[in-house]
């Protein structure tokens, strides 16, 4: 059976490669509609036969490095486990704490705090690693922003992942940046297709803003939009005034609608968006000046997802970690419609599928 | 020879499972007398053939996550090495530093500092991991306790490990909590049985309080008591006034005495307890209000284990790390009676035995 | 082919062992001239067949622990990847953060901050690990030194690595101490021999001091000197007044000159040292009292390596991380003479060669 399993995996991987020969997975649109669909098939195979696949050690002798500028529970664990089960070595680096502090600006005279430049770090890590993965959030905390006028580009700051993309010779996975969390997006496609019985094409999916004490980046909601569009969903995005998603990224995602049959509707009414949806995907995010987040979010507690809002929806999703009784009530999260645990579980197979695609 | 070794391991593991089908190793009493004895046999087999067992990669394709809320040298290293030699992937997570800060209270409105609830963290990590392991000490530092009256339940605070036990679907190992360090206890049984020539049944074992600048939790001494009782020892526990061990836990351990023939004697005289003992096991611990520890421990330097106290004893044991010339003199620790290094070495095989029992 | 590759590796390793049976790699001189040359052959074999060697999993079931008292990017990653590709388990410990704080002084009464003594830590880690590796820099920051007279021995402080060498029963690799970075030195020999077409015997090599805001230890430059001497180079060391390398270590290295035909020339003229060199190896380092570093280094910006200085040299080398436009200009570092990336890449194969030598 194992040689048969091995040949099934080879066949599935070959199908991904027919559609996608790239070595960057940065916003999740790279594999395209066909490539993404083929990647999900590899993920399904891994998921169905996880222990058997693990015993094959298909990627033994291979290595990857994960460089984390920010905390992680799911992303770190699922990535290291996916790599490890396939037989790979995974090196976890906590940037700034266990490594040197890093500079990204070109032409810098480095007589200050930064000890290492990405122009060396990225190619050096590429020599040791068959794959690199990097997580770096934008600095949007109120105390990071300081006084002075707000520069809207800060919310779109992808300096770190772009610099790694420019200077790394190894294949690169974005483990969450300012504007994208593509592994989450890929896992969400798998989850939505599970909920839809193999596909969610044409089905209503609701993405709803929800309250959160911090002005979080839009990486996850934008990745949900991309996932919904790639899968051909009827996507309804609900957000209160002042919390619209990044216009440029929304337009880029929408450009795929024609080929997949997806539709995007935006609304200020979370109940209408949720009603009849296959899944209500909640997420808190900021928009514009982070210093105005608290004031703008005041009085929006009715955006917390509760049982009433879920009444005519099938499943509740969230990328986790989730603020209980702020984003969503305990009643919903602990209730039968919540699918957040299998949703998180889907991170491992989709990431394994990426590794198999690049390294098998 | 390897297939013969493999079948010996399968047979030994089957014997554990005859007596114990549980998936929690929290205070170390779970496998019972017979199950514990069978676990030690698996550990002995692993220890005798460590490199050969390692080459078999019996658990390849499997993964475990170790979540550490507190520092570790032996526990982390021995757990990761045991898993790794068997072919497993081991993910090390440093709670709070590399991960999100975690909440444990039910019904919480999470608009404060805590970003993730154990109700998600435990099941999510269970999906990526075939085994979970958690280390979380109670907060007993004088500065943690603050002013106000002392609540005795703080010394017994097992919130973290209990929450993981409640919410994790994967098998769970306690890597030290307020009241138990069961892997240490299991290793101590192996060490004591080595010293006793295969068993320490009926032999005198001395557990003695020793000075330490901090009011440490009672996890280790209570696990020594449980180990001694499970192995049928004649246990003598010596502690000065004000440093008695937890009454409830002592009673629970004592309930095993009848079936194993163990006896527990408590005394205020460390010399009497040590005299003629197979092993003198020293440990510093606190009792009651941590703010009174320093005052209560003043003038108790004669409890430091020295050569005179060891005169009529066979071996000196300590779980490590040990405060030299506070807990025990250099003369004893560096002398021929000290067995603390092989004692620490025994951590790896007993933990490997647990993994084999659950995953082979 | 794989069994043939395996037997080639066995043969190459056997040749190392003919010349070197030691279990300490602390300053890099231990394997001697012949042993080092044989080690490089193992490294070349690993490098040429890295993925194939990885698939052989020659060291499966083995484990090593890397204990880091200081940050690392290349050293940690290359060491973990080398071990992992060979099938080993690698445990990364961040001293002081994820572990207990450690004491090194004999006879200490440990009632202060330090929780664990190296006399336990080293032998205990040796029981779990087939190889240990330790990184510990001397404390030379201006704020560490404090007021009072300067003790020159602080710059030579190898307390940590020496204590581990004394108390560890497992083979030990120094991953950088006050006076040596021997894995870097071994990788540098491989790089220099690549540049020289298989050997750099008799070829001019320039080691030049370069500006750096901090008074760094001399570990790397001294290891470059040892590497150059072991390989029989015509070494020219350029440093401004006040920045001479450690006399005692220079004399020890020079004692190898006779057997290898190496020569060491010291100069205050970086242009003369660089002219006609196979490689210009730049590095910032301190000398003497760190509190005088800034004043002594003022006005020495002409020591920054630029295109003019490189005009008659073949290659530029640096151990990394490198301060851009302080140590070396962007023009040189990003130009065709820079070989710093393949130089860093050579860390993995030489470290794999050490592991194979000790554990195959």
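Order as written gives the chain letters A, B and C; numbering starts at 1 within each chain.
We take it that contacts are C-beta pairs under 8 Å (C-beta built on N, C-alpha and C of every residue); 3 or more make two chains touch, one makes a residue touch a chain.
Just so it is clear, the structure is predicted and the values come from calculations on it, not from any experiment.
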Type of chain B:chain C copy interface by residue overlap (half), same or different: different
Superposition rotation for chain A onto chain C, Cα-based, multiple of 5°: 120
Interchain centroid distance [CA atoms averaged], chain B/chain C, Å: 39
Multi-partner residues of chain C (at least 2 other chains): 90, 92, 97
Sites on chain A touched by chain C in the complex: 60-63, 65, 88-93, 97-100, 103, 106-112, 115-117, 119-121, 123-125, 127-129
Contact footprint of chain A on chain C as seen in their complex: 50-57, 68, 71-74, 76-78, 80-81, 83-85, 87, 90, 92, 94, 97, 213, 320-326, 330, 333-334, 340-342, 344-345, 347-348
